[in-house]
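So, here's a batch of structures to check.
Next, two complexes with subunit A in common: one pairs it with subunit B, the other with subunit C.
Then we have the complex of A and B:
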């Protein structure tokens, strides 16, 4: 009993110890960016209170934050799962777009189906299409040993043309000014959790997936092989793990996660395919994954923090005229300081 | 000249123009890579270079200021890459990606802060052609090669200079040895980390200049994301060129040709939807990487940090 208690106490202590570098990194980056904001002649305290508290002041702000949190969480996982195996998936953007295209295609072509049939099919299409889009660079890595950073990025650029083609040629909505498809069938729409302001059930799905991924990586033999391949590929090979296959698998899994985020944007938020729906989720997903340093438990919390910053930054741009890009600098600084804390600890 | 010849010469001139950013960014990548420092920040540094290059030219009313500013900021990014990876021994890919984020953020932030949002895009003059006397008179080759802006000449001369430096001088030999076997180079008295700092800074300057070229030649203004993957493509191009200056020059010509084909020939050509023509540079990049992976060998120590106190390599 007492042993358990000290074990728990030890766990809390190590958690707090683990959090300290994060908190220091956040404070340091806010100070560094604050100096810059002040030098530009803006009110720093007002700017930061807007950034940090917009999400919690009104129900609208909070739901905005949750809506942003869903794609960020899935994009971050799409980057983190391959990262655990030591591979860099910079193609989450293209995988999201192609996943969204797949979801839209099914949602439009089978528009008459009822919800219990159509919704799962639409989501599945997103997962499969996203996984397929990642499978191409994954196969190139497996077969030819080609650096995955480069090929995943190239697949992003190719997907921009693909979505433009789909939204302007195949299922174009002539009434829309911007390249947009006609809506998917009503049966493909995610049910709402909260009616006003609208919050779709994508968040439940995203959290469930995050838990599944965590359980896979930490509690199953396959997940163990994944972690081992990333931690020490040479030893893993000696141990009989097919390391190259784990690389392949991790990238496809990442693509499937990103594809799901595309499907959720279509079924939950837009109900149609809109060019530009990928926003800057890729960049933020990578930042979240790197700040979490591959720790799947940390990813949802960091993703929520970044969602708060993003929603706050838009409010700051509206009310104070401080460009929204300012917050990207803050986020990059947080990342840099978190990474630097590793260096400090090593010494 | 008949009509057909005029068209061919016109297209060839466009290819030469489009070649420059690829040459500059890839030679910058090659320099760092030859010492083992693998930068993946090209896209970010080029965006910042385009942004500050445009701003310098706009605010000080002179393209020279824009170019100097782009060189300076690009060099700073290179310095940061060298410091974090060589001195602090942090992962090269992770730091490279972090620098991309800074580049993306800064490139749109700076014009908004310095100029604000305007109805009409603020414009700078574009780089003028500087014809070379006598040589410009050569039929066909004259207008293609010798009636271009100064950065076209610079990109070509730079490639030959780098070839000479790398393969015909002792500094070049030392530089290459650092990327192949830093331990051996170190034991022979080559300063590994200084070599990496210098190539990272010069490489960053070239990438910054590559970015500044875009508003100065194509658009006359900065637009968000205007690098459009050229930075990433430059990495593939460097592999394709076998991390060697002259093949990189030829490879740049190839990619410039694909770009001109995709961007200028798109309207109504071959009955193919233009969206598919636009993907050509990216598909070419992937194909080229397959070729490079089978035929060419990158520097042995590419992407790894060197710690002189550790006994083993890798």
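Then we have the complex of A and C:
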């Protein structure tokens, strides 16, 4: 029964129907951005085929895409889970950084431990540190009602200084030209799924987490309360849901997810802490979350699509000298058109 | 006194989206008459008058004022043509005086100095002439609802209207205030005005109106003069075929003694010296005590805003109790969380369904389990049992006649009446010992009211103790075994069935009398 598979009110049929505005939005944004690319004097079709097909032409391109996909998926979830409860976590970046710091610290300090012990500890440290970083704004919201948008953003700035301090003062790698720590213990590295080009097992972890989050939100009473708190906090309170606690929980959960993405960057990709490892994942995560409109089933697909665009964009810049920012414009346009399709449908 | 045609509306049509609110409705209004516009909720009464007042633009239809066609695009036009309307919800500025509220938006004599003496004199004259007693210098916020309504009527009279539309004017009035309103209306029509009186209450129409038009489902059913109509004909016109008026609870005489089963002996809810305060410590509920027994419907009458909401919230654990004791089945429930109260068998129908009981972006099924998501059969282990949830939801949808394409439909697409049915279905679906119902029939059509009444009596017969707070005194007189009246946070009297007296309750509602 498809009706029963609709924990969040999105059945298979409605998913298909829901896809149409997305596709239209994508096409419209490609057309709009194409005008700019043409005006700049580039070959539009060549540019787009580079953007769309780089990921699928070579194993290298595909693995690059999967590596991008992991942090994007987790960042998007870190934004979406609080969004379901009606709260805005704009601190995924800081939570990622602090999670990465936690993972690195454990990875360096306990470097001698074997993999079965060290790896879980490193990942756990990322989750706990990320959750802690979100817990500060969450508690300020719970206790004093301070707007979480402001506090989560400000926590990002603190994390920038923190990573600087850790990477240049505490565990600095003197050989590196850029603020970087020494590597973590070998036992803390995520095993590879594919050796050449290297693909770490972070993607398995990320997908498992995405499934867990979906099951939590759509199949458990706690998830129901999360959805209810977002839908109408007052009614939820009247009917016995501790809404403020749900807000607190959703933000901490978001922080933990972002922290995990930081830990995977460390254990899977860099094997050390490097300043700037957060890339523009926060921004893209928010875009993915907003395009998905809080639908946890849509998040992985949108995240994959954005990862394809991102990888394609780098290729486009290398081969055609089109600035990589062009793709950010396309992504922003997709979001705008998706939001616009809402307005159009309401008419 | 001569009756000439004052106003005619012909072939008015208005739809909202796919819903046809008015389909080809006509209305003829004479001078010197009180014209009753009768119909259940959703019949189109208010929509028709909003068209006349220029608030809605009809798709078709003409308006003739004294046989001349007029275009009414806005309330400003309506007032220009001498048409005034008093809505159910008043648009008044609380911190202004009566005079200031009335003259707002009209040309003033002494604009630079804002000396309102002349205006005040005119208001005092009008007030005397029509028997609408009010002190022009009082602040609006200090006035009870009945007086605030007079201000609203004076506002229209001050602008020189000769057609006055009143939308459900008796809703928040005491019986005495209703009498005095009707007297004033009589004076108005004797002086040549026309009054349109919108209501769903049959008896009021029969008491005061000269002619009566009945609307049903956005269509004219009939227009008759007072001496031509019988109560039965009006009832049939209002509800249409397919409802057994003979057995109807809504239209039955207020004395239901035969139908009311015996009240049980065992007290279920015991409230003693309850005190509730707001954040600043101002007491809102003062020393309220009552007991509700098994098989008892205990009513609380009162003008809205006398502490009803605070009482309800404190009983539901939403608002802290400052002092006093509340116990259910002998054990205290003060300080227990709402969720546990729901699990213990308290069930709740909130007054403000959209704010306090409804998840607009969630599905109908999700709405139906709000508050019970951790209970059986909705929960299995640490997971929700969606197949059980949908099975129950489909049952409730058919049992409560909720109009929705499916249980997974987004609840925001439901109409107001159907949203209320969701609230009722949720409350009544749970095994309960104590039901807390706050204005459960507000905004419902007659069939749905009928349904709620029979359900309340059915559950009562099964042993449920019910606390029913209602702004509709007739509803309380019909259903309750005892009626308490609340005034400024205090219970000023409790009457048992047999000693019910509408006017006595009315006097208690306005604080001029206490009982015991």
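Simple rule for what comes next: the second predicted complex is superposed on the first by the 334 of 347 C-alpha atoms of A that agree within 3 Å, B and C clash if a C-alpha of one lies under 4 Å from a C-alpha of the other, contacts with A are read in each partner's own complex, and residues count from 1 in each chain.
Just so it is clear, contacts are C-beta pairs under 8 Å (C-beta built on N, C-alpha and C of every residue); 3 or more make two chains touch, one makes a residue touch a chain.
Quantities reported herein were computed from a predicted structural model and do not represent experimental measurements.
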(message) Which partner chains sit in contact with A:239 here, subunit B, subunit C, both or neither? Use first/second/both/neither.
(response) second
(request) Kindly classify A:219 by the partners it touches after superposition: subunit B alone (first), subunit C alone (second), both, or neither? (result) second
(message) Once chain A of both complexes is superposed, is A:228 in touch with subunit B (first), subunit C (second), both, or neither?
(response) second
(message) Output check: A:116 vs subunit B and subunit C. Expected answer is one of first, second, both, neither. What do you get?
(response) neither
(request) Look at the residues of subunit A and decide whether subunit B or subunit C touches more of them. (result) B
(request) Check the residue A:144 against both partner chains and state whether it touches subunit B (first), subunit C (second), both, or neither. (result) first
(message) Need the overlap of the two footprints on subunit A, from subunit B and from subunit C, as residue ranges.
(response) none
(request) Provide the residue numbers of subunit B that touch subunit A in the complex, in ascending order. (result) 40, 88-90, 93-95, 97-98, 101-102, 104-106, 108-109, 112-113, 228-229, 232-233, 235-236, 239, 273, 275-276, 278-279, 281-283, 285-286, 289-290, 293-294
(request) Note which residues of subunit A are touching subunit C in the complex, please. (result) 1, 3-7, 9, 11, 219-221, 223-225, 227-228, 230-232, 234-242
(request) Spell out the part of subunit C that touches subunit A in their complex, as residue ranges. (result) 316-318, 337-342, 348, 350, 355-363, 366, 369-371, 373-374, 378-379, 382-384, 386-387, 390, 406-408, 410
(request) Quick one: which bits of subunit A touch subunit B in the complex? Just the residue numbers, please. (result) 40, 88, 90, 140, 144-147, 149-151, 153-155, 157-158, 161-162, 164-165, 169, 283, 286-287, 290, 323, 325-326, 328-329, 331-332, 335-336, 339-340, 342-343
